[in-house]
């Protein structure tokens, strides 16, 4: 039994060894990723236990995901090997056409991971956890995956959600808005992780205070509001915290938000205040963007502490 | 207008930088491949012109295929960018569980390449060519692709076919047998490229002489019969040629058969006898297996000549 | 027939895999470059057609240049294989002794490329183009190459010239000054690309306004004045535009000026105003300096647009 | 509780990226290895469970060993983090001065792994297992490690031992002989793994039949006698099996014997006969020597089966 | 006979090919380093001769150090091959948990280098040199190494010392303080190289002026006071110089201080004033941090001059 | 003063990281080579001292050659930096069109190395040596280089010559024949190193016995007759020795002959008999062909001994 459970699709990532359009890249570096898997690793680095409910294909990439997850301490009991489909993968194009930004090319349609379904959600497992996490990605990849999240949220003691709207995965932004809003309306969300772009889609506002007010009305208790390179904000009751981003050499920003989210939620669950949790979240996202790979540099609580004490940008 | 036209799906290949199960491979090397594309390059290295009828996605990998094809001299006029789907790719696992053998992991279901259809086959273009080539792979990837081959064969002056049965691409071997046999029955094949495994499936024989006799009855004029590391045979009328394989350090055998086929067909079309064409085909396949990449080492006629004169195994 | 034609020497570039003095570099990464080839690719990415008049050796590096050019859409009809000489190459030492700067080590004296001569310049081809481009490099590498430029400029409808004074290629700066000035005096230049260092040599001024006034007197219509990391200026008639450079992580600045020049000229030829053309030129040069390789990241018009809209430094 | 338990020192391996004297090697590839860890992975690939009793340092390399072991399915409950010392490592020099052979350079004296001691051996854990395995390496690295093996062997239901005499680790060969012989005399060994070199030291014979007779007198039930590239033999009661080695391209022979031993013991424990177990052991060692890394290519039972059916050398 | 002699332990460095915790690093790049060896190379690049008194093991890594030193022009006459022990090595973890900072993992306890002893110090050799250099590292690694430094300082005409307190190498900071202070009290130091952290430990002050006053009382003639990314200060008599650090892309700061120290001391010995020597020292340290490797980019006097003239941050 | 002196051009080698036509190679690995430099290293590995008389350019590659030579123990006193020209380089294409063979692409015409001249040959230095070595390459690269060899041979106590006819470097084979024969006629050669191809050109025979008889008539005392993969023969007086080649995995045969020659000559000079010297020469050439790089794996006398005792092909 674990403290936190996430539902989502773990993926194999092929990161460009050199920057630029993929057609000019000769070598690709393999990493294991996926928003919820990244989140789990951040939770664990901050000393809570975490399980992932997911499906992978009966293939080398699926085995790779399970072995990596196990190595990183994720409870893999509920990562199911689905013999009917393949493991989802994606490629990362870095630095083109926007320096320090990445573009993702997915090969995940119909993947084992997208076949996640309510039958994969074990009631007892869910009920034993302190918090259930998922993201807008899982809501987007298939109806059955969305239903799995709904079943888990239904049974959950508390919930966190990262809106994570990836336009490529939704038939329309309207569909994204509708789906995510219906979740927000139906379930009290302990921690909502989002940003101005997603909030624009969902609530047609971008200002952080407006966003918090509106999300609060929808039952959100704590808001983690990511501002990209500028940093992030966190709201809880009357507390409003802001932590500026650090200036570092960016290799690949992919996964930074997940590291921040998992770190924040893990510390928050352990009773840390939002300022502390936010600062650690920023430390995590800052480290993650300095390298290829989404979760290898997610710091432990102690290492984030060192970062926050010693790093002068 | 070109001498030879091939129909098939060009793919981006991600070849393992190190041998072994894919989950232990950290780096992948990108190459451009696909059986018919490999065939075209062999045709061109032997100084005939060649065009490829195919579809790729509207993405970096699609652009990569077109640019590489153009670089290698393939006529890309009929490589269509299909905005409805993605470019097919595959991974190569080398040396496990069989040393010197490779296993392919495809991400091509529903790809742009598999959406090849009769509408992509331009009558005038086909009629202007001396020979139309395709493979069992194109027959397997979709009904529309199969129909495209049939349309082209219907219009063709002469035809070559590589049976190339990839069990992963067929719903059943029975289906493969039926489809390929119906083609063989319907059209006179100038050059058939096959091997004992495929012939076992198609005709339930493996012995080369038996195979030739049976294929001949089906209208095959020339048979190129590949025997793996042992070498290959070629039959035409009363001529029966055998060329032993060379012993070299194997890096990846993928693509060797295509290089042999394209070389053989190109030389045969230029009036070379089967012994000569076969020897050059063996030179081509021998070089290709010494490296990652399916077509970079396919030799020109002159370089194959040097190989045949100078290489002492 | 193409919109733009450039005359110059394409080269194979061996870029240091790690920074520092070449003697400490263990691996070199091959790229295809050369100022005019880089220019052509920028022209094409901005949707005009472009041909390169050049010579390469009858060797693998020559074939590499032709194949790469063809892949990138350059009209290679007038890239001649010169059996009398070898293909020119160069090495790039990065980051020493000046961080973020590169030093070039040429092996091009007597190369096929430097044997470019007036006989390579086809009158009909030149006359069919809207603009002929060359650089101070081509003027420097040999008398016959200089004569080729002069013949082409003589026949041209309009001309662009990048002064590009590389002291290593000239017997003296005086010689460079004299040669380039004589061209400027003899031919109306539609677009002159230069910078304060070259202008100091040519006209003994560095101030942009002074430079423009003097170049204008010499018949230059549009001036693109590159200011390195600071950005660039463009002058046309009474319009004076300045675009600040973006701050990015510099890998190798080589080729940035060519990308800017080709982008600017291509857009200008399509009727874009100088501000637009300049901004796109800056986008191109900014992307190019973030990687090894001179032209792979040169953006399309659309991608530069995205860059200009989305990139926050 | 697990089927098999091994005691020994897991190590981080730095394998030369290129062959030759270490001073000419610029890059090193990290792997996780150690004779007993390799053995465990072979046991697991053949579908028994396996635990490793060991110590690692409180450092990144120690964490690396634990994470990798966990990923590969090893029970890591008894891998203790010893804060008093560091994790042992070694470098592999390949192909010099003997082609296809490797030399090991250890940095393990005083390592955490060598501090393994009887207190690390949990009686209940040992008694629950079907077989306890160790090697001459563990007997050599320290007195406390030797005592740990003795304690475990004392409590064990059955035992396997790989003599594995590494002269660098012993003060003298005499000491090695004495120590190992005393173990052989004191405990019945279910499976002894050894070779002519070690047997020469231990019993002053090298002939397989002589060796088996003498080992049998010492209470050995099954003998796995490794003959390097020639293959291996196995003896049990009156059965004497020989399996010839396969000719493959050798990258690094390190770890081949461990893969063979673990495979053989795992299958033998599952009731397979010695011929079957031996053949699978040879398949395992053959695959392992084709790559850098000691255990990544150790095949599953099913994959070894494919190897044995399909591999033609 | 040489101008400068340094005493210390040369080491083989294994630098992470990618940033992050060592357990996630797959490839390591070998360099030759060690504080005093780095110092020597800086001395030589500034055109004085330099010898290193040291021990290495009788192994490939020892040979590597000697060959590299010889290549770089270090007098290796007194680098002794000690057959009793091994060559010390270390790993560099980059960018975690602090971006742009590195952590060192040593395998040097009991190494040949730490066995440096007074018997290695040749009186005539020492007396022939203009300056003897060592660091707090050599004072820390063993009593015999400390005694070697004392013997050399006793015989020296003049001395430079870099305090270089590495907590991992000292039993306690108190021990470090005591040892270094006793050296400072006993010998007049021509040039002391230190920083606020070390000065805090030694004198319980950090302010540069305070530090200089106190060090001066202890007989220090010239003080080079390193301020990390901020730059450095130098004091001599009434001269107080400050040179700001340059902003560059940091790959690995290891070795920067040694390059600065060796450059400063070499130029100072040649009669350059402290401003000049300091500026060159900053140029050296700036270049060194842009790459992996401690000394490859240490500039010659002329190259530093170019840097100082041309580099605009 | 040294035992052996060689005259020739050291070169920087850029070896293909992957096999195949150079245009498909993306990365190149730098090595230091040149026939006479390789020879020198072999001499030194076998414990005689050796100096190289040569010129390099005043550039990074020239410095690279000097530093590497110094590292490997070559006396570099007479490697002159020639400011008038550049350092010669070459590329190696491996495995195409002949597997296991390499093709060299030179950029050395007019190089500093080819400007070697009699003025570089110091009489005292030459006279102090026991043997002067050069090759047909040095005789081919320029008249002044040839004259340098003649001057050195004139002054020499004894001489060795490797015929090493590289057709690309000679205007005609006739010229090669004439030049080398005139040397053979004019000077007694202590050791001649050659092979059937060169002997065919020189004497129009290939049979070893015939060759020896004819060379002997020309004053050759000892003949080392290389037979490629088959092995080599050596003749002295009435002794005729043959040593078969070993079968190993070939990476790049370049430099194998130089390693054999230097090893043979060095041992012969130390009084070893031809069988012993030949066997060690074969050990050296066998090791060299297993890697990229011409001299890194050239074994010491002791390591060759181990090879000869332990290597079972």
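Structural remarks
As written, the chain order gives the labels A, B, C, D, E and F, with residue 1 at the start of each chain.
Convention: a residue touches a chain if its C-beta (ideal position, glycine included) is under 8 Å from a C-beta of that chain, and two chains touch if they have at least 3 such contacts.
Chain identities (UniProt): A, B, C, D, E, F = 2-keto-3-deoxygluconokinase.
Every value quoted in this text rests on a predicted model; they were computed, and no experiment measured them.
Shared contact partners of chain A (2-keto-3-deoxygluconokinase) and chain D (2-keto-3-deoxygluconokinase), listed by label: B, E. Of all chains, the one whose CA centroid is most distant from that of chain E (2-keto-3-deoxygluconokinase) is B. Centroid distances from chain A (2-keto-3-deoxygluconokinase), each centroid being the mean of CA atoms, peak for F.
Chain E (2-keto-3-deoxygluconokinase) is reached from chain A (2-keto-3-deoxygluconokinase) by a rotation of 120°, derived from superposing Cα atoms (nearest 5). Our note on geometry: chain A (2-keto-3-deoxygluconokinase) versus chain F (2-keto-3-deoxygluconokinase), Cα centroid distance of 61 Å, whole angstroms. Centre-to-centre, using mean CA coordinates, chain D (2-keto-3-deoxygluconokinase) is 45 Å away from chain F (2-keto-3-deoxygluconokinase). In chain C (2-keto-3-deoxygluconokinase), the residues that reach two or more other chains under the touch definition are 21, 26, 67, 249. Interchain contacts (touch definition given at top) occur between A-B, A-C, A-D, A-E, B-C, B-D, B-F, C-E, C-F, D-E, D-F, E-F. Of all residues in chain E (2-keto-3-deoxygluconokinase), only 14, 17, 21-23, 25-30, 59-61, 63-64, 67, 86, 89, 93, 105, 107, 109-110 touch chain D (2-keto-3-deoxygluconokinase) in the complex they form. Against chain D (2-keto-3-deoxygluconokinase), the residues of chain A (2-keto-3-deoxygluconokinase) that register as touching in their complex are 67-68, 70-72. Listed in rising order, the residues of chain A (2-keto-3-deoxygluconokinase) touching chain E (2-keto-3-deoxygluconokinase) in the complex are 246, 248-249, 251, 286-287, 290-293, 296-297, 299, 303-304, 306-307, 310-312. Touching chain A (2-keto-3-deoxygluconokinase) in their complex are the following residues of chain E (2-keto-3-deoxygluconokinase): 18-21, 24, 95-101, 229, 249-250.
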